[in-house]
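So that you can tell them apart, the chains are marked A, B, C and D in the order they are listed, and the count of residues begins at 1 in each.
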Amino acid sequence: MDAEKKALVFDVVCAGFAPAELDGWNALTGFSAWSEYLDACETIANDECSVLTDVLASGELMALRHPLGFEEVRAFAARHFTGGLPQSAVPVESLYRAGASGVPAYDGISARYMGDLISSMELDVPERLVSTPDHVAVEAGLAASLYRSDESLADSFVSERFTWLADYRLALVALHDDDRMFFCALIDVVLALVECVRSRKHEAISEINLERK
Amino acid sequence: MQFEPIWGVPIALYLFLAGLGGGAFIASAFVHWKNPDAEVTRKAGHFIAPVVVAVGLVLLMLDAQGGFHNPLRFALLLHNLGSVMTWGVIFLAAFEVIALIAAILEIVKRAVPLWLEAAGSIFGVCVGAYTGCLLGVVKTFPLWNNAILPVLFLVSAISTGIAAVILASLIAAPKEAEELDELKGFHYWMPVVELVLVVAMLFIVNSAGDAAHASVASLLSGAWAPAFWLGFIVIGLVGPTLVETYLQRAKGANERALGIGSEAGVLIGGYLLRMMIVMAALPITLTVAWL
Amino acid sequence: MARYGMLINTKKCVGCYTCVAACQRQNNLLPSEQFIRFEERETGVYPTLNVETIPLQCMHCEDAPCAAVCPTGAAHIGTDGIVQVDQGRCIGCKYCMAACPYQVRVVNEETGTVDKCRFCTVSANDGTAMCSCVEACPTGARIFGDLDDPDSEISKAIAETNAQPIAGDLTKSKVFYVR
Amino acid sequence: MSGNAISRRGFLAGTAGVIGAAGLAGYMSFDAWEQAYADDSEKHGTVSTVHSLCNGCSNKCGFTAYVVDGKLRKLIGDERHPMAKGKLCARGYAYAEIAYSKDRLTDPLKKNDKGEFEAISWEQALSEIGDKVKEIVSSDGPGALMMVQDPRPSGSYYAKRFMAALGSPNVYTHGAACYESRESAIKQVIGSNSWTSDVANAKMTIFIGRSYADGLRPAALMAVEKAHEAGSHIVLIDPRFTNSQKFADEWVPITPGTDLALVLAMCQVLVTEDLYNADYVAANAVGFDEFRQNIAQYTPRWAAEKTGVDETTIKRLAHQMAEAAPACSIESGWRGPSGCQYKNSGELARAVACFNALLGVYNQKGGALLYPGVSAGKLDETKFPSTPKPQSAQVGSDEFPLAVDGSALAAVKAADEGKIKGFFSYNANMVGGYSNPSYLASVVSGCDLSVCIDVQMSETAAACQYVLPDTSYLERSELPAFASGAVPSVSMRTQVIDVVHPNTKPVDEIFTELAKACGVGQYFDFTMEELAKAQLASVGVDVDAARQMGTVYFNDKAFSYGTTPKWKTPTGKIQFASDACRQAGYEATPSWVEPETMPMGNELRLIEAKQPIHSHTMTANNETLMGITKKYDLTRAWINRSFAERLGIEDGDTIEVSNEKFTGTIGVHVTDRIVPGALYLPSAYGVSVKEQHTAYGVGLRPADFLAFNLEPGYGSTMSHEACVTVKKVNA
């Protein structure tokens, strides 16, 4: 699976979970672009190490085929990606990992890592995400950019960074909102992709060992 | 102050299985010596021993979260020779090696040398007694901190070991089971000894301060009373003894079923003994009695 | 080589839990990791009553039963007699938790290792004021210091009030109580 | 196709989402980073210190925050701060976790038609609220707006100024559920709202329904400890044997709601046995004759029957106080029986003030001190224009004329009658506990406009249309906090850590922008720092020095013993008799008033009080504090041992507590530490908002058992006027 397809998967997550502008979203979900994305999902699904097909519930498959419009994405984000509500599922990594104080809280260890990483790579983050550098949109955006620059580096970043999405998916599924299926689908695609990248990485490592023996 | 037991079912199961493994090996060594032709029974004993001890060790590792997160640390277990647990690890390691060798020899149909049976049995006794000492040295819990506990655990270990072996032979080779008279003879008296030991222990512990009294009370009349009276005393000790006495006189038709029932009772009683001792014990009262 | 100890005056303890909250803040502990536990004794008959709150924490015993039983050497008596738990060696077998007669050791749910009061008052690493239990107690019920130094505040206080360990000679405890 | 639709510039170092070589070189894996970070986290961990004020309760103790790499590490109480004196309490250390709390509000919220909250932009929130306010002001006048705020340094100034700018006088504190009756009644007697008992130097101090060790202010707790060690005679009159028993000599258990009878009888003893300071009374007081005649009826025998305190004790206490005078006082109380809990709270506060007057203890060493305070002087009118005088009287001031701060609950009644259309709340949770939560929630959500400004979702926020996210107290600097005291002082809250959520705003910015949206921006044409600088300059203090020191003292205004205070009453004298009280329907001089309700048969009076680790429900969502609550089962109700035995209830059982308003089950602590006729519930639990994951569903809330009913004349919530029945629930 080529790097551009992987980058596209992360572009969609990046735009979906931090909806900013109408045209940005429409560009991604336009017929040609979206079929490219579905094609990427297809390749992931067919990849022998991925378990995407049985993970994708029927609802999710249907949702993937008809992506939500920008207004629906923005409204979903307004209802569920804001903090302090029972129906909140804020997509920030440190909220799904017990931090130093043992309680999931903002500014956890993943936030400090991503913050240091972004500054050392001289990248800049949109103003409203600057305080949550481990927001899924920031991590996905970085992954997409990495895939367009250095695939092996991207692979190692992706295999390390996105394991928390499984816990996040549980929070998403628990929401009483039909549109959640679309967002769960985006997450499942990433999880499946990460799974492939991780298992491919192990094979790569084991091959190297074989050669060395 | 509500007291939450420090160790739970995994550790109780570990203590039970470690003891049972030791006892099973000793039983199969005995069978090897006294009933050479009881092939299946001996093999059963030699297979049970390493397997149950291995299961016990896995349970121990699962419960020791710190080690489970970084397994290399288990190597450090040999650091403090003053700790009973370090000795326990040494005995268990030695015993497991011997038991595995014995099991492999059985598989490749080579005779298990007598010296190996003897060494295995000695380590079997050590493993059985160590579990009692592990708790015995702890002053915090009067129910543990007495000289009888290691003996009680050893007797229970051998008793449950024999029970497992007899149970296996009753199931796999009923004919051989009928020949095991000496083994059954020993086994007949073990629950009686255990009963005497338990009564003596609880009697002495009961007078060792209010934490001790509270622990004994919780066994005899408190939350653990059903498990103690029904599970341990009736099913674990008295039941098997009655059945064995009956079986010795009347070799009735359903002798096999009754035998299986009584051996199973001993095993259940053995596990309940460990669980109750571990989880019913209350710590020394500093200022306020633990409820 | 100092021999650090603590004095706790339960006649001044009003049961306000400030010490355990400050300890958690000073040592960045989990909410479930409470290095101080409290026993409360209500005596007397209505209406003439007395309620005693007794804070209990690691006594840093000189004959520490925890160190004696710890198979990996994680629990050990460190410099200046402070009983420490090497988080790098602890496998979380909880044997020390059983062996400690004061029941003051807790499991760190995240790492699975066991930890307890570290007498952090002595090691203010960044050289600044402490918010350990001793400094935080609003009624000044705690004194910390070197038991080997006869002129230290704690030595004098122990002598003056004839402070005793909470459980007599159960262990050679280095925490003394005025009750 | 650009890699990033989410941002204008996004991560682009180069074009089309490609990272240049330099950028890639900066990459480090998590393990590498953790290794590097762990190694020199100590070395490069730059420690900075900042003075701030705790927000755990209204004491606002000063502390020094130690910050390493932008993250808060530890807090040390400031020695110089008058309330802290070097110490904080458990809340001080633990409440700091709010900054990174998972349950924090991060964006302005608005309820959609399905009643669910949705994040909206600040622009949308401000313009919609602004239009609504202008609509209400034009149709019903500014008097149809109300604001409830629990005073904090910036909050109390900005909230008041915002409403005043709009012309509305309806700004209320939490007083009606805390101190209203006490401060209003004391003001009727001595012209000041309260006094501070000089406990440390007193020969004897009586505490009525007040525990310095539960409602914990470190300085006060240290004072009562010092008094105890100096042999001062400390008496606790309370239905409960509270934590202050450690420093007390005597517990006088009393039937709840009857403290007034006890104090009246003690006054009677002083007057009839001529033990009062006649010269002092003659020189400083009016209406004493009327008081003397009226008080005669309240004999100790009469009081003994009312209070359950035997006659000899009542007489003895009066005699001992007379002996100890003037180095003695009855402590003023806080939220207790004189604050807001009974129908006779106001009268109790008046009786206590009169008792102290009889012994002439005001401003005496060891007595009741009226501490001087300093407040900001006149500011430059051009920069800080004074707001217009409101045309209408404050809502509720007609029905409750005595209320010194006004009663928020009176305004709620008016809102229920449609007179109030716009509701604002800042740093306060009225719906959560001022009176019956379901009633208050219905009134607030019934308003045309309801806005709540808070740091996390609360019962009040959940009832509102709009919720605006405040920063936590650690992420903002605030106006100077002036405090009266032996030496009046001013303390500063300075920003400790960077703002965690970019879409949250500090309170001063929120009100400034709200004012602009409502068209009264001209009164907010300044920044908080400019105002702080001006306020401090007006009293000769430099703002940077103040922020550097944390607390600055005005030694020239220090208090001195023996000075006779200027009685700021209408008569300029201590008023044993008060016209205002007479007009409000009370006797001129303090008289017995029967509580609203008394427990009958097996009923118990429900009493609630603070625990040292909580500030009512505000700290319930804190992991560390709730960890302590859960470990020691602090949610348990208390009932008296002999009463429990009659009903076959044992310690640790679960009981059902019920009355006509509410029914709930809770664990019970059977103890001698409470009088037989009462059931005690801690006031910190029973949070009913799911958003507070840690607090939700833990324990019972006393306010649920309370009917909405206000104390005549004062408008307080009468929080103990509820009786309940209990029965064992088989587990």
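The working rule: contacts are C-beta pairs under 8 Å (C-beta built on N, C-alpha and C of every residue); 3 or more make two chains touch, one makes a residue touch a chain.
Values in this document were obtained by computation on a predicted structure and should not be read as measured data.
Q: Return the chain pair with more inter-chain C-beta contacts, choosing between B-C and A-D.
A: Contact tally favours A-D.
Q: Hey, how far is the Cα centre of chain B from the one of chain D, in Å?
A: Inter-chain centre distance comes to 62 Å.
Q: Report, in whole Å, the distance between the mean C-alpha point of chain A and the mean C-alpha point of chain B.
A: 52
Q: Express in whole angstrom the distance between the two chain centres, defined as the mean CA positions of chain B and chain C.
A: Chain B and chain C have C-alpha centres separated by 38 Å.
Q: From the mean C-alpha coordinate of chain A to that of chain D, what's the distance rounded to whole Å?
A: 45
Q: Provide the list of chain A residues touching at least two other chains, using ranges where the numbers run on.
A: 101, 103
Q: Among the residues of chain D, which are close enough to touch at least two other chains?
A: In chain D, the residues touching two or more other chains are 623.
Q: Please output the residue numbers of chain B that touch at least 2 other chains, ranges allowed.
A: Touching at least two other chains: none.
Q: Would you please name all pairs of chains that touch?
A: A-C, A-D, B-C, C-D
Q: Taking the complex as given, what residues does chain C use to touch chain A?
A: Going through chain C, the ones touching chain A are 28-33, 108-110.
Q: Considering only the defined contacts, which chain A positions touch chain D in the complex?
A: Checking each residue of chain A against chain D gives 7, 11, 14-15, 18-21, 23-25, 27-28, 33, 75, 77-79, 81-88, 90, 95, 99, 101, 103-107, 109, 112-113, 116-117, 120-132, 137, 141-142, 144-146, 148-150, 153, 156-157, 160-161.
Q: Okay, in this complex, where on chain B does chain C touch?
A: 1, 3, 6-7, 60, 63-69, 73-74, 76-80, 82-86, 89, 134-135, 137-141, 283-284, 286-288
Q: Which of the residues in chain D end up touching chain C in this complex?
A: 42, 47, 49, 64, 66, 73-77, 87-94, 96, 213, 216, 218, 221-222, 225, 241, 243-247, 251, 253, 612-613, 623-628, 631-632, 640-642, 671-673
Q: Name, in rising order, each residue of chain D that touches chain A in their complex.
A: 1-13, 16-20, 22-24, 26-30, 33-34, 37, 69, 71, 97, 100-107, 109, 112, 116-120, 456-457, 469, 498-503, 623, 690-691
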